[in-house]
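You will see subunit A twice below: alongside subunit B first, and alongside subunit C after that.
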Partner chain A sequence: MYSLVKQRDTVNKWMERFGVRFGIYKGGNFLEQLFPFDPIPRVISHKDWIEIEAGLIQRVNALNLFLEDIYNEKRIVKSGIIPEEFIYSSSGYMAQCEGITPSKKIFSHISGIDLVQAKDGKWIVLEDNLRIPSGASYPMIARTVTRKISPETFKQNAVFDNRNYSTMIRKAMDYVNVDNGLEVILTPGRYNSAYFEHSYLAEKAGVILAFADDLIVENDTVYYKGLFDQRERVGVIYRRISDEYLDPLAFESTSLLGVPNLMRAYAKGNVAIMNALGNGVADDKGIYYFVPKMVEFYLGEKAILQNAPTYLPYFEEDKKYVLENLKTLVIKDVAEAGGSGVMFGREMNEEQLINIKHLIETEPRRWIAQEVIDFIDLEIMDGEDRIYRKADLRAFVISEAETKVWHSGLTRYTRSPTSFIVNSSQGGGFKDTWIMKK
Partner chain B sequence: MIKLQYWYKTRITFSENVYRHHFLLRCAPSVFDFQKIIEEKCVISPNGTVTVGRDSFGNLIYDGYIGDFHNYFEFEATGIVQQSYYCIKEELNPLYLYPSKYTQPMNNIQKLLDSVKLPPEKSTLEKVVLLSAELRKFLIYESGVTSIQTTAEDALEIGKGVCQDFAHSLIALCRKNGIPARYISGFMLGEGFTHAWIEYYENGVWYGFDPTHNRCIETGYIKIANGRDYSDCALDKGVFSGLAQQKLEVFLKVQEIQQ
Partner chain C sequence: MQTPTARKINSGVSSAKANRLYWLGRYAERVYLTLHMLRKHFDLMIDEDKDAYIIFCTKMGVDKNKYTSADDFTKRYLFDATNPESVINMLERVKDNAMMLREEIMTETLCYIEISIAYMNKPEVQNCGIEGLQRITDNMLAFWGSIDERIVNNQIRHSIKFGKYLESLDLHIRFDYPFSRVEEIFNRMLDSIEKECYICNEMTLLMLKKQLNFDNYKNPEVLQLINGLFCA
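Moving on to the complex of A and B:
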């Protein structure tokens, strides 16, 4: 696993030539930076993987059943397992999606599940991303480059190939495609942090990269306009635009990104949208607490993968515990994503602690608290030295006729030695993830 | 029983030609227990494709598309409704019990809630009346200070606002006290602008309350749309291509017709 270290500069040069970039907004300006690649891969043993894979499939199946239930019968609420408040006051719940069943009943076609490995070796789920999980293209392209530069590495190590991700996406699109229409990836444009990925995936999957302007809805049917305004029926849209910007008439009217009346075409079942609208209700940080319960409720099984120990101040007992143990916990704002709104009790001064206590008392539904997990450090190269940093793993789960886990994943690590927050929008770099065949 | 006749006319003049214009209008009343439609018409120009449907909250919508160049957009909705006492029997959607985008309770709402004690033996109506009376101490009617983007919390921060802000604030207060409440867009007897008020829920029935005028609604309010807050009930929305300044003129008149 160290064989790529001496090739590090060559790999990074190639990545630069491929244009592997990550856009961020800093002080109102859009900057594109290279997403640094670390040459030491994360290696996951075959034995570990078997369990992770089974756990992920189970989890995502339960989440898909949950979404179908929530936008229809709401059995899990009626059974008293999830308080209705957690559904209706979730910023990801979309009343407009009530009663809509998407093509083939799949809501989350591509799920990005963030895991960490605790020091005792156990894998723990930190977060589910069921809206637009991004980042798969980085390990894909890193593998492409490293295989070229060091083919012998992959002769000596029996690693699952990961360059099939685009094929998996394509199969998922084929599966839900309505009336065999065109398949498009809808991008908000080049000023999006993941634009590189949109264009790369479109090319690799052999589908059209479309901007909102390229699509038009007529008679509740979506058409791709093309260069000469010829109209071709669209059957599936893998959209990389968030829900509220998809349709300026149905949602946010100040948006210029969306496609007017797309929501109506979708509601009538004339187009598949992946991932479905309204998925945010299932990856809300508050709902996360209930995922193991969903597995039991919908599948009648015990959850294979565990959550981090989580407390909901919404429940009196939990609130009491959280207020008393604030200093050892990590507090998260359920409405925030991407590592913002995450606060460690041990880093807060007295004033901040009083502040957050007040917020938890007045808006209990807005917060969750978790025990800080002591997760393993991974080796990374810092100049010529090997040092240890915190890292997580985003596993990608694809739901079509079957639910499958991509045999790789995005391993992200922190730059700063004291940080526990691993997120591409907060700096840091990535590693390839090797899943061993034996 | 009264009969109300309404004229609702909007004209947008564009400084330059625009095209690919999509629009969505909530400009026609629906049938409710208390409201019958005797006559209803909506004329939209320039000519485009228009379809009539319902949104996910059951509101009547006209939506359409004008592809060609045009420099104005106009619609004229007219009709006659017959009304009895404002109430709607309906099964409760729990959605209306919880905060929504415009009605998130933060510090200002909390402050207001702390300042008013609602005796538990009071009826829902009495509680709404108390909350509305308290709200007036914190929010003064003044137009031009807030916009359609202003949330209840923001309006209370400024301390001034219009019907939309009064409605959002009272909804937030009701919901925080466990009273289901929803936002209503519509027309009020007289001449002027479109109006917003709330409905609160008690024992299987929605009743109307107008926080701007601090009164219960009996008749004279033509209900157009309901939803969680303004974002579900905007009366007109549009997107178009082209760089143009817009000038908006609205005319609205509602009068009672003698039987």
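Moving on to the complex of A and C:
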């Protein structure tokens, strides 16, 4: 691994050569920047992985069953396990999806589950991302580069290959494809922060990268518009556009990114959409609290992976605890994502604490509070020095005929010595994630 | 073992994609040929005509009064990203189209554009003027080689090459190349069109075939026909 660490600059030059970037908006301007890569991988032992893998499969299976239930029978609500208010007040719940069961009954085809490893070695789930989880392309291309420049590293270490991610995506697309139509990745365009990933996955999966104008819905069927008005039926869309922008006639009417009447084609079962619409209800930060209960309810099993200790101010008892212990907790706004709306009580001044207390009292459903997990620091290179920074892991779970976990993941680290927030949009970098074969 | 890239089962070409393929070919060829033409004019500027850059501007249809001197021209025409007609901007336009076509042209082809832009943005390269840009020419040749080698879909490849030859025709005529050379390029373009290229307006092509001859090829109407060939 020494040679890999020594060649960090070479790796980053290859990344530049391959155009590995992500976009951010600053002051109203779109900027593309390289996603800083740290050459020291996160290494997960085979033994740890077996447990993580089993836990992730179990969790995603339960979440898929929850989504099917919530848009149909709602047994989990009727059983009193989740208060109905948590469903209907969730910004991710879509009434338009009621009664719709997607192709092969899969709602979350690609799930990004964010985990951290506590200092006692336990892996803890911080967040489920069931809408458009992104980031897998970065470790995938990083591995392509690192194997090229430091082959001895991989001769000496038995690491699972991770370059099969696009093949896994393609198999999931093949599995749900309706009537053997075209397979497309629908991108909002090159000014999206994850555009590199959209185009790279389309290349590696061997599917069409489509823009909104390339698709049209006629007679409740989606077509790719070829030259001179030719039409080719589309069977599956791996969309990288949020629900609300996907169809201007069904949702946000000002959206130029979506395809008019796509919702009608989807509701009739004439096209598969990956991930399904309405999944946001399951990765709502408030619903997160209930995921271990979902595992028990749908699968009759104890959850293998635990959540971070979480409190819902919606419940009086929890609210009392949260208000009394604000200074030691992390408070999250359930409507925010990407590291926004996350506040550490210990970093707030008196005025801010009074303000957040008031908000929790007046809008309890909007907030969750969690104990701060003292998760492990990972070594990263800072010039010639090795320093330690907080890092999480986004594991990717693919659901097709079976549920499978990609043998890698996106390890993101914070660049600030005091920060716990690792999101790339907040200036963090990434590492490769090695899953050991034995 | 590395998992092979999944075989592509579909290869739709929408009119927007056809447009990108065509402009990718045009801009990429414009970068390559502009550098070629520039070198010829910079050669003249050594000891024959210090203002040869003005001739270049006139032929390219660039406002000759925009640049105050040969030095000003060298800096701004080559490297000024805020100058819409500069070479670095041509490369950015290649990249704009190439990025939207990554799944067709592949990362290994796109990277020749990425490294060219990164190279041109280096201060030490900008200080060298055109002498430092042989690497861009080499990269563009590698780009075209990669297009030929990696794109197996004939429609995609020939659509890009249609744009390339069309740009080449345009520039060779503007720079007064002999008819025999222009005819060679035209024949290569016809070869692409006859294979699997569906973005050429057949009526315009018929008219161009009639007009493109030894006596007439420098007529402005011919340039107009060439630039009206694309349709999608």
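Rule of thumb we're sticking to: the second predicted complex is superposed on the first by the 432 of 438 C-alpha atoms of A that agree within 3 Å, B and C clash if a C-alpha of one lies under 4 Å from a C-alpha of the other, contacts with A are read in each partner's own complex, and residues count from 1 in each chain.
Definition applied: contacts are C-beta pairs under 8 Å (C-beta built on N, C-alpha and C of every residue); 3 or more make two chains touch, one makes a residue touch a chain.
The structure displayed is predicted, hence computed values, not measured ones.
Enquirer: Quick one: on subunit A, after the overlay, do subunit B and subunit C clash, or do they fit? Just give me the call.
Expert: Fit: subunit B and subunit C sit side by side once superposed on subunit A.
Enquirer: Where does A:321 make contact in the superposed view: on subunit B (first), on subunit C (second), on both, or on neither?
Expert: neither
Enquirer: Does subunit C touch more residues of subunit A than subunit B does, or is it the other way round?
Expert: Touching more of subunit A: C.
Enquirer: For A:17, is the partner it touches subunit B (first), subunit C (second), both, or none of the two (neither)?
Expert: The answer is second: A:17 touches subunit C but not subunit B.
Enquirer: Tell me the contact category for A:166 with respect to subunit B and subunit C: first, second, both or neither.
Expert: second
Enquirer: Measure off the angle at the C-alpha centre of subunit A toward the C-alpha centres of subunit B and subunit C in the combined model, and quote it in steps of 10°.
Expert: About 90 degrees, rounded to the nearest 10.
Enquirer: Between subunit B and subunit C, whom does A:154 touch in the aligned arrangement: first, second, both, or neither?
Expert: Touch partners of A:154: none, neither subunit B nor subunit C.
Enquirer: Could you state the shortest Cα distance, in Å, between subunit B and subunit C after the structures are superposed?
Expert: 14
Enquirer: Using the superposition on chain A as set up above, list the residues of subunit A that contact both subunit B and subunit C.
Expert: Shared contact residues on subunit A (touching subunit B in one complex, subunit C in the other): none at all.
Enquirer: Would you pull the subunit B residues touching subunit A in the complex into a rising list?
Expert: The contact residues of subunit B facing subunit A are 22-24, 53, 55-57, 63, 65, 94-95, 97-99, 105-107, 110, 228, 232, 234, 237-239.
Enquirer: Considering the complex alone, what residue numbers of subunit A touch subunit B?
Expert: Listed in rising order, the residues are 84-85, 88-89, 95-96, 98, 218, 248-250, 253, 256, 260-261, 264, 362-363.
Enquirer: How about subunit C: which of its residues touch subunit A in the complex?
Expert: Touch residues, subunit C against subunit A: 1-18, 96, 99-100, 102-103, 106-107, 110-111, 114-115, 118, 198-199, 232.
Enquirer: Within their complex, state which residues of subunit A touch subunit C.
Expert: That would be residues 16-19, 161, 163-164, 166-167, 170, 182-184, 190, 195, 199-200, 202-211, 213-214, 224-228, 232 of subunit A.
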